Amino acid sequence: MNINIAAQINSFLAALVLLTAFGMLVQRRMYGLVHLFTWQGLFLSLNTAIVGYVAGRHHLYISSVLTLALKVILLPYILHVLIQRLKVHKEVETVINVPMTMLIGIALVIFSYHLMSPVRELSNLVTRSTLAVALATVMIGLLMMITRKHAVTQIIGFLAMENGLFFAATSATYGMPLVVELGVALDILIAAFIFGIFFFHIHTTFDSLDIEQMARLKEED
Amino acid sequence: MKVYPYIIEFLQIAIFLGIAPAFTGWVRMLKCWTQGRTSAGLFQPYRDIMKLFSKDVILADNASWIFRFTPYLIFGTAVLAGGIVPMLSIDLPITSTADVIVLVALFAIARFFTALAGMDIGTAFGGMGSSREMTIASLAEPAMLMAIFTVSLASKSTSLSQMVHVIYSGQSVLRPSLVFALLAFILIALAETGRIPVDNPATHLELTMIHEAMILEYSGRHLALIEWANMMKLFLFTALGIATFFPWGIAASGDIGFIPAALLIMMLKLGIAGAGLVLLETGLAKMRIFRLTEFLGSAFLLATLGMLSYFILE
Amino acid sequence: MLLILLLVPLFGAVILAFVGDRKFAPEINIMCSAATFAAGAGLAVQVYMHGPMLAGGKFFFVDAFNVYLSVLTSFVSMTTAIFSRRYMRKEREHGRVGHMRMRFYHAMFQLFIFAMLLCLLTNNVGVLWIAMELATLSTVLLVSLYRTPTAIEAAWKYFILCGVGIAQALFGTVLLYFAAERVLGEGGEALLWTNLSRISGELEPTVLSLAFVFLMVGYGTKVGLVPLHNWLPDAHSEGPTPISAVLSGLLLNIALYALVRCKVLVDGATGTHHAGNIMMGFGLLSILVAAFSLLRQKDIKRMFSYSSIEHMGIATFAFGLGGTVATFGALLHMLVHSLAKSAIFFTVGHASQMHRTQEMDKIKGLFRGNPLVGWGLMLGVMAIVGLPPFGIFTSEFLILTATMKNAPLLTPFLLLGLAVAFAALFRRVQSMVAGDVPSYQKPMKAAHVPVLLHMALVLVIGIYMPDFLNKWFHTAVELLK
């Protein structure tokens, strides 16, 4: 594969990752969110494999497979099961103001681009331009966690953020050292189990996964 | 001065006028098939137009000149717009004076007068349709311009011929900015041509119609012109999409011999685009009008993302 | 020695995961922690004798800075384990936790200690991040151990906010790696602290200052700096008290440790005081906001968690200020605050168990009800507000002197924060310790060893600084310059 084409595929996948991030930002349905998350993971995994091929860094193949296993198969599966067990698949969030959220999202993309331009100048990797997209994905995940009021959506926002971080590592430096990548993956796995347990706790205690109900701990005046 | 570009120009407009109803017929025919109905055939739109031309015009007592003038204006702008979009060949003399912004402005004029005419008679439906139409327009036009600017950024020109030429001869295949722009364009085209999920061209149900509500008072040749212009608009948006995003197969500058082949290829592409439209329309339900802000908001988002990814990724 | 230090808590976690609900589980817990402490002390002696060292194929690294924190961590975790024996037994009698949760509690406690020690001892900045996340994750479910709505809410907040925060830190780490890779070449070598500190002058300043902003936000969330502190009072007040003690006394320190390590690198690269200024800003803001929040608290554990924010603010401020005196003060402050604050939480835990409430209005007559708890709390508060002769007085005095010298304009703010915190804490504590024993107060046997031990240490450090500690801190100060 020639470098030029690989770079094009790479930036195209980056664009798709960004698109799925925006999709998640405005998607109201639970399953829709999980599907978008799965797609994002798939794009990431593909992207990592391609970067690994082009750059000749074979440890990226491991990361790619790891992403595939974790973010495309395992996590969506866990989320699916949780959503089904907790019977929240019909819940839709109505509080979000879609156009406004989108505009903020666009502003975040521009902000990330601006923030990352010095790094872009310094880098000579094929993937350097996707770093801004990675940061934007992180920021959008953050925005999602702020604007959403449902436990499941917040978690998906969290995971999307983690996707962005992984993407950042791939595009800035062709991936972190393997030990770090493995450790991060392990942490995500533990986090997945914890939020799984949490969903049940919240559900049994509050009878709903709406975070709005959790407002008892406030500063007394 | 070369003559053949002018010949091509006239040829294109003639073909455009002639084929537009057939394209609408094709879409309707496919739609009938997918829904398990018997279709009225490819040429039913022609028969409709003929029938309307032969009928008398009935005017409301309080109709002003605007009401009478609007059908001609709509038709005129549609024909003019048809001369701007490269369909068969890149060589169009008109594109050197009228670029893509003019195209958007032509659509805007037509829409403006349609809305005025809708309110002219003073019926409730006309006013309602106009107000809705303008709501959509105010959201769709910025998105449309954004999408077009993204393409012009990539081709460094707002002239359609130039844009088509650059994309036609460009090496890069996968340009994220163009993909975003294309997606945005599809959403906008659905809104502009009044298709599902924004508007339903086949309905006359009071509460849901938008475009039909504005032209409810028209009859006879006026209605024929408006209907025809509408068909042309649908055709035009499809052709615009094809020209800017999939121009392969169009005749290059000065290549007259390729025109028949280009015509065939265009027909093929139109056929596929029509099928795609039908699939979309069959698969989707009409949206609540209050959700339109989100729909067109996403179009705007996509267009902006296209522009941003041009800067970020390319 | 180093491996023992790490492996003991890890094995402890595994064993306790199976037997954590038995009668002898707390004893195992104590034994593991004691063994950890012994290993920590051994390591400290080793470092004291032979200087900094690398171990496990450059994977671990010990110098004066992290070894003192590891000893502190293992020590406080040991005393907390001793305290938790009585405390958790009582909780179990009250029926607030069951079998499974006891097992879970003990296992997670050890895992948490493992994560913190890994944070301290690893040489790899990436692994540092991973261990930090692990420390968060292992405590999240401990915070929600009681399964009350407020506990779950607090734990969720903790999980989400720290998750978000720490994600920013990972982005900062990626940028750091990016800068380091250009100098050191690809591979694991480029994330090793020993390599990074060696070449910090060659790192790209723009990238590092950018990275520091992310690292500051990330690790700053864990330190509990204002405005990223929202999770802290909730998590501390809703979890079991031993967990509040280790969160407040240890985890915050570890996060600050990570931040300071990063600051050293950034300072080396930029050659300016950019990072220090950011830390001073965050620190001062934390001191002031926390001090004023102290005034309005009604929940006793919540109040002391705000006090933790304040003290972390002081330490962050001092590290930001830089210079020998301030850094020395900050190191000392981390040590004494950790000891004093965990001692306070021990007494607070007993006090709230005696009254079955955490509301300060209902806690009364501790002097008479249980002199140890009462005096422990009283002395603890005296120490924490910075009264002489306790160690915090020394550290705060050093920091104040350094501020007056290097940033005189900020001194009034610092003093204001300290004064407000002083007033707020004393106002509350007097009404709790003095007066008659209320009818609903239940007598109980308090765990006296940890409280006495901690307070004695704080006092000793305040009156007379042992020579080895002094030398240690000086070496650490040199490292952080």
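By letter and in written order, the chains are A, B and C; residue numbering begins at 1 in each of them.
Keep this in mind: contacts are C-beta pairs under 8 Å (C-beta built on N, C-alpha and C of every residue); 3 or more make two chains touch, one makes a residue touch a chain.
In this text the structure is predicted, and so the values were computed from the model without any measurement.
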{"item": "Leading chain pair when contacts are tallied as C-beta pairs", "value": "A-C"}
{"item": "Identity of the chain that, by mean CA position, is farthest from chain B", "value": "C"}
{"item": "Chain centroid nearest the full-protein CA centroid", "value": "A"}
{"item": "Between chain A and chain C, centroid-to-centroid distance (C-alpha), Å", "value": "31"}
{"item": "Separation of chain A from chain B, taking each centre as the mean of its C-alpha atoms, in whole Å", "value": "37"}
{"item": "Interchain centroid distance [CA atoms averaged], chain B/chain C, Å", "value": "66"}
{"item": "Multi-chain contact sites of chain C, meaning residues that touch two or more partners", "value": "none"}
{"item": "Chain C residues touching chain A - in the complex, by the definition given at the top", "value": "124, 126-127, 129-130, 133-134, 137, 140-141, 144, 147-150, 152-157, 159-160, 163-164, 167-168, 170-171, 173-175, 177-178, 181-182, 186-188, 190-191, 204, 206-207, 210, 234, 238, 293, 296-298"}
{"item": "For the chain A and chain B complex, residues of the former touching the latter", "value": "8-9, 11-12, 14-16, 18-19, 22, 26, 98-99, 102, 105-106, 109-110, 113, 129-130, 132-133"}
{"item": "Partner chain A, residues of chain B touching it in the complex", "value": "172-177, 179-180, 293-294, 297-298, 300-302, 304-305, 308-309, 311-314"}
{"item": "In the complex, chain A residues that touch chain C", "value": "57, 115, 118-119, 122-123, 135, 138, 141-142, 145, 151, 154, 158, 161-162, 165, 168-169, 172-174, 176-180, 183-184, 186-187, 190-191, 194-195, 197-198, 201-202, 205-206, 211, 214-217, 219-221"}
